[in-house]
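Can you keep this structure in mind? I'll have questions shortly.
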Amino acid sequence: MKELKTIIESLLFVSDIPLSIKKMKELLDDVSEADVAAAVRELVDEYSRREGGVFLAEVAGGFQFRTADISTPWILKLRGGRPASLSQAALETLAVVAYRQPVLKSDIEQVRGVDVSAALKGLLEKNLVRVVGRKDVPGRPIMYGTTKRFLEVFGLKDLSELPTLRELNELEEEEPFD
Amino acid sequence: MKELKTIIESLLFVSDIPLSIKKMKELLDDVSEADVAAAVRELVDEYSRREGGVFLAEVAGGFQFRTADISTPWILKLRGGRPASLSQAALETLAVVAYRQPVLKSDIEQVRGVDVSAALKGLLEKNLVRVVGRKDVPGRPIMYGTTKRFLEVFGLKDLSELPTLRELNELEEEEPFD
Amino acid sequence: MNGAPIGGISGVMDYRIKLDIFEGPLDLLLYLIRKNEIDIYDIPISMITEQYIAYLDAMKSLNLDLAGEYLVLAATLLHIKSRMLLPVHEEEGAEEEDPRAELVRQLLEYQAFKEAALDLNNRKLLDRDLFARQEPVDDIDDDGDSPIREVGVFELVKAFQRVITERGGDFTMEIDTETMSLSQRVSEILDLLNEKRTLTFDELLGREFNRRSVVFTFLALLELMKMRVARAFQQAPYETIRIYLAVELEGTEDHEGAENDY
């Protein structure tokens, strides 16, 4: 039964939602619900006796690994500092700024076909985009460009290291010989 | 120090990417890197001795909880997907990038004797390979290298853990032609 | 379909199965060397060339797309074969290289990487042989100071391409490395102007005085003037050229919906 317990522990570990005894029984072949329940019980006891950073809790009709209360402040700190991914809108706006800089907001909107105020604001806050100047035309519109931080995030020495569309298209060619 | 170990265990448990000793030290206040390293070591040993469904692996410059081999078929069943695998073309291309980085597309093609556009694009999309810069020669071609994700997926601590290329060494030693 | 003899078909099918597993001409050649148990340092070129070409013929007869690389290697083999037939002049060029040397080097190198690929594949791969916990679904985005998840320039250029293609052909302006070098220079000049308010052309050039940097600095300046971002003044011919921002950045209250500290 050691093996059953090992497999159940792995399943509980990788699952992002609580797993019920019934669900686990379905996944495992030729095992009774009683056997699954017994193995789960053993795991619950083991982790509880151990008093480590993780324990197995019975929640929402199933079982799930949870962290110890004592760790909560640090987990929040880890999560808070978790790298956020750029949204599609942000990435596209950033791409237009990067390849067309110095560029006006109206230029970006013309290329993307949508209002980019929110995306641009987010990029300015993240310090990926900055104001680089104003144009001497009516309204004196602001021009945007990328920052040093942008180069750092994307691991570039300077803008000329950005791949070009032609280079991207070359990679997309699949059968160059026919 | 029991408390430190508990918190570290929780942090490693909730993180979806390997955590380095340095990163953990930053999250925890007033703790030395040596203390963090010692606690992590203890956890690695504990999980290894226990031989359960989870163990703590050292990968990509950090530590990460991973599941035991024995559980793989059932996890795949739970996740309901096919296992991620790479084609032979992708693996060969990846091998050349890993050992020769920073490397040009033309260098990879020289070694493999075929066009590698599609394979390279697939690896870029899987985030196993990245653009690392341009080479300072006419045309300034793009240079490629491997990512942190590559180390994570292949379970390598760092690039120096890659085995040496056997036959190449042999060739250089023997010099059968001159 | 004509009535080809059964043996012929199965022979051809045999080739076909093999061809599917070859990763290219070098792979096919390595296979032939192994199949014939040949010493890689002493390849009988005539025999191997014959077999190699037989495989290519089989490919053609099956109407398989024959990648050009296969033909290039066939030509190389034939060339080596002809060089091997030439008499060796022992007296003059005793140090003459074996015509097969370069090919052998290439084969050994490829073989080494093939092994390395196998080693990689034999490792315990994440999401194939073992698993970690998956990324939590709650994606905290748009928190000003949170770090940014590792994203490569490949994704950036793809995003740009997506934008361009979605908007049709009116933005297909070619962007090459020269354009980006120019953008880089423009951004540097704007930095300097924002900091110092005015500069001479010489100051712009700085100490880096190669032809390339002079040309790009000049082009970048023209670009900025054309865009009406910078102005240049010269008191008299041959005098120092002074460059100013066309519009001062300070006191700009209108930030077009994008609050920031610049």
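Should a chain be cited, it is by its letter among A, B and C, assigned in written order, with residues numbered from 1 in that chain.
Definition applied: a residue touches a chain if its C-beta (ideal position, glycine included) is under 8 Å from a C-beta of that chain, and two chains touch if they have at least 3 such contacts.
Values in this document were obtained by computation on a predicted structure and should not be read as measured data.
Chemist: Please flag the chain sitting at the greatest distance from chain C, going by CA centroids.
Modeler: With centres defined by C-alpha atoms, farthest from chain C sits A.
Chemist: Can you check which chain pair, B-C or A-C, has more C-beta pairs in contact?
Modeler: Most contacts of the two pairs: A-C.
Chemist: Report, in whole Å, the distance between the mean C-alpha point of chain A and the mean C-alpha point of chain B.
Modeler: That pair's centroid distance is 18 Å.
Chemist: Counting only Cα atoms for the centres, state how far chain B is from chain C in Å.
Modeler: Roughly 22 Å, centre to centre.
Chemist: How many angstrom lie between the centres of chain A and chain C, each centre taken as the mean Cα position?
Modeler: 27
Chemist: Would you pick out the residues of chain C that each touch at least 2 other chains?
Modeler: Expected reply: 67, 69, 131-134, 136, 150, 152-154, 177.
Chemist: Two or more other chains touching the same residue: where does that happen in chain A?
Modeler: 10, 13-14, 79, 81, 155-156, 160-161, 163, 167, 176-177
Chemist: Sort out for me which residues of chain C touch chain A in the complex.
Modeler: Checking each residue of chain C against chain A gives 65, 67-69, 131-134, 136-137, 139-144, 146-164, 166-167, 171, 174-177, 179-181, 183-184, 186-187, 190-191, 193-194, 227-231, 245-249, 252, 254-260, 262.
Chemist: So in the complex, which bits of chain A are touching chain C?
Modeler: Where chain A meets chain C, its residues are 10, 13-14, 16, 79-88, 91-92, 94-96, 98-99, 101-102, 105, 111-113, 117, 120-122, 124-126, 128, 130-137, 140-143, 145-146, 153-156, 158-169, 175-178.
Chemist: For the complex, which residues does chain C have touching chain B?
Modeler: Per the touch definition, chain C meets chain B at residues 21, 23-27, 41, 67, 69, 73, 95, 97-98, 101, 104-106, 108-121, 123-136, 150, 152-154, 177.
Chemist: Taking the touch rule as given, give the residues of chain B at its contact with chain A in the complex, in rising order.
Modeler: Those in contact with chain A are residues 3, 5-15, 27-28, 51-54, 65, 67-68, 70-71, 74-75, 77-79, 105, 115, 117-118, 120-121, 124, 130-134, 140, 142.
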